[in-house]
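Look for chain A in each of the two complexes below; its partner is chain B in the first and chain C in the second.
On to the complex of A and B.
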């Protein structure tokens, strides 16, 4: 028997085997959007995506200084709180931008949901950096138009949502990327700030995946409603302590992170 | 001494600010990065370069501090340039990330300087003190200087690493301290030559009058090369 036909038989046997196994598998309703580039989500959500996030702690630095974060358990509490407030708001804005809602109106909506100047400034600075990276990775007319309208930067979740749209991703994908970044940033920062065991920090993220899914879906559902009901349907949860701490942190003379 | 990398300044095609010409077709400022271990004299070199070159060229500085804005404040206090020409980038405790892996904040600082005080001839981008592997991205700078010193030990050139072996100029500072720390300058020069081939090495003692001259001369040569290169 030729080597080639031998391999063909092996392949056959293998696919039979797989077929048998799949009979018992539970039915799946949504296999993911066909034609969409899901793999682009891995690129966009990668912590090494060069859009400036590494210099920010997402409020973890002042929380460590205040004694609110001191170990893995308190990091988890902090991340859960941030995810369901600031994370939900950001994910909603990103999902709406990815759904094709007007990014300039979303930028105003982001301002309205960001009461303190320090965080508005951070969001715009990171938005500008995200814009640079997005125009290099998934160039599009929509990104060019937003960059021209907001040369000093639009709010980062709005830019990220538009980047996701340019990459062929769905609103849900954009919500996932923003929600994940919302907690992975502080977790990475706390590894540096407290010399926390990096395995413990990553385990915290793994324990929060159910919350991540919930927030991403809630944000996407709100963005869906915003299409007909207006931007008032987008989440507007707030975390006053994060806001106050961010404003104070911006005035520290010595700090490791920009925010 | 003025030998350069063979390819000079290769053309770049990215969405970053790396394009060598401005929107109006003129050549943008030359960007030179300064890196090296902590305490070797990077900020002192930047300050000395500004003092020597500021009458000839329009200069601005971007600093990348590790956890303070100290380097930028030192340069402002020393009044080496008007304060609006010095900008600090915060690096989240990782200068090598900000100068190599994620250069977005630095590119924006350079662009903002061009916009607010430009047109500029030269932008010096200083890294916070880092390790021997910290080098600048080619998307951020056109040429880079790696600063080491005699007090760090004469085995640094022999150890090599990307900073020592690939920088466009290697500066060995504090040569005036060599006799006091038992360092053999000829040996350092031999080791550097072995690691770097024809790439130049400058020995400096910044505390001495005009101590920065070898570096300033190299920068002038880079600027001549940059402005005469066809866009």
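On to the complex of A and C.
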């Protein structure tokens, strides 16, 4: 498909969303298609990208223990809730970093959107691992500067967004990578926690692709607004149970996943 | 629920075309005599804080209640049923440097549908000066079925300001579905954002009724305490209430990245929500 027709389709899909949301924000389609290297997105979003995500369940381990996740259907419900809250926030931060907003201010914005210390620590630990992988993969002065300013790690979505920028990817690409990782992490973890059939877990992810697109576009649109309106325009969706469960889980004496 | 006075039609100027109500209440507390005269200690000594501005309006009737030590106290009394769809409501409260102010409410606020299906807005803006203390302890906000409310709470704290803040949301009256309730809470301290959170529940909010967000609970609340004393001694994490999965109220009290502590609680109903928030407040 030519880039032109792809854009036309995107614009069409977006104008429907725009009408529903009636935010009056600038269109975001240009942000999604000027990318030089779409292929780099596959490298960045690959579950085998060595950034340490496999050790984290994204809140799925305590949700399984509480009986909230029992099978594919309940995994889907959990992932949908996570995607539209924590996923949206993370995708917005990543899109904003990929758009060139100040990563240190974004790191503060991430702190303000993460009210429990367990999740702030996890985000920084994952950010540090992502930083090591990103600097080896797509070295850039911007990554070096952030690593120097936050030696103990910046919030992972900010690092990922900056890595995407270094790789020549767009804000929309970064939002997709983060939003996808936000649900693929728990889905993979539940395969191990419940011995769920991997086919079923992947089918859950496939059923969530419409939600994923919606979240990635919403996040990118917010990042676009943040350029002129300030970081208050970025999503701040809260998920009370993820926050509460994260602190409870951090206090478990024995657990399979770090978070 | 408790705002029984019928909505008067004539006196309220219909400022907006959609027949919604526009009302702003303003409260200013100023340090009592002797409180601000010393160059070093705005909060030292002085008498009870005064209330040079106490303006109600529309659904907000403001009652001065018995002060306590140096603290001025104001109770919000609902003068009519609000917010209804289309209403634009706003409260601005300021505790000036060295002042102490507590604001409570006489009853819960119920968001109700309007005639036009238009959403209602309710904006709260709190400002707390250096050495001042503001306690914002209203009753719950109840989102009635069919209502659509956008709420914002913006709080600006000076570097040595103290804040005690409670927020409770009940999703639906007894036996009914919830309305649409979207609420943004932004707390800035010395110009830096300390907390930025948006909650979105009910129709049109994807994923809200899931095990990642509320897990079937219908009451959710927060209790926030901010002040310079947390700079050197951050709060310790404390789990509140029952174990996950048994359907009982549960929550966590935890330090924010800045000098403040936040309790977050989800509960099956308003009563158990308040009980757990009170536990968090008791320390």
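Convention: the second predicted complex is superposed on the first by the 224 of 259 C-alpha atoms of A that agree within 3 Å, B and C clash if a C-alpha of one lies under 4 Å from a C-alpha of the other, contacts with A are read in each partner's own complex, and residues count from 1 in each chain.
The criterion applied here is as follows: a residue touches a chain if its C-beta (ideal position, glycine included) is under 8 Å from a C-beta of that chain, and two chains touch if they have at least 3 such contacts.
Bear in mind the structure is a predicted one, so any value in this text is a computation, not a measurement.
Engineer: Identify whether chain B and chain C fit side by side or clash on chain A in the overlaid structures.
Structural biologist: Fit.
Engineer: After lining up the shared chain so the two structures overlap, which partner does A:122 touch, if you call chain B first and chain C second: first, second, both or neither?
Structural biologist: The answer is neither, since A:122 touches no partner chain.
Engineer: With the two complexes superposed on chain A, say which partner A:247 touches: chain B (first), chain C (second), both, or neither.
Structural biologist: In the superposed model, A:247 contacts chain C only, not chain B.
Engineer: Tell me the contact category for A:154 with respect to chain B and chain C: first, second, both or neither.
Structural biologist: neither
Engineer: Could you figure out whether chain B or chain C reaches more residues of chain A?
Structural biologist: C
Engineer: Pick one for A:52: touches chain B only (first), chain C only (second), both, or neither.
Structural biologist: first
Engineer: Is A:222 contacted by the first partner chain B, the second partner chain C, both or neither?
Structural biologist: Neither partner.
Engineer: Quick check for you: in the superposed arrangement, does A:82 touch first (chain B), second (chain C), both or neither?
Structural biologist: second
Engineer: Quick check for you: in the superposed arrangement, does A:133 touch first (chain B), second (chain C), both or neither?
Structural biologist: After superposing on A, A:133 lies in contact with chain B but is clear of chain C.
Engineer: Let me test your reading of the model: by the given contact rule, A:68 touches which partner, first (chain B), second (chain C), both or neither?
Structural biologist: second
Engineer: Shortest C-alpha to C-alpha distance from chain B to chain C once the two structures are superposed, in angstrom?
Structural biologist: Comparing every C-alpha of chain B with every C-alpha of chain C, the smallest gap is 20 Å.
Engineer: Which part of chain A faces chain B closely enough to touch in the complex?
Structural biologist: Interface residues on the chain A side: 48, 50-57, 125, 128-129, 132-133, 135-136, 139, 189, 192, 253-258.
Engineer: Enumerate the contact residues on chain A facing chain C in the complex.
Structural biologist: Those residues of chain A that touch chain C are 59, 62-63, 65-69, 74, 77-86, 108-109, 111-118, 120, 211, 214, 231-232, 235-245, 247-248, 251.
Engineer: Considering the complex alone, what residue numbers of chain B touch chain A?
Structural biologist: Of all residues in chain B, those touching chain A are 14-16, 66-69, 90-94, 97-98, 101-105, 107-108.
Engineer: Sort out for me which residues of chain C touch chain A in the complex.
Structural biologist: Within the complex, chain C touches chain A at residues 184, 186, 192-200, 205-215, 220, 237, 239, 243-245, 250-252, 254-258, 262, 264-266.
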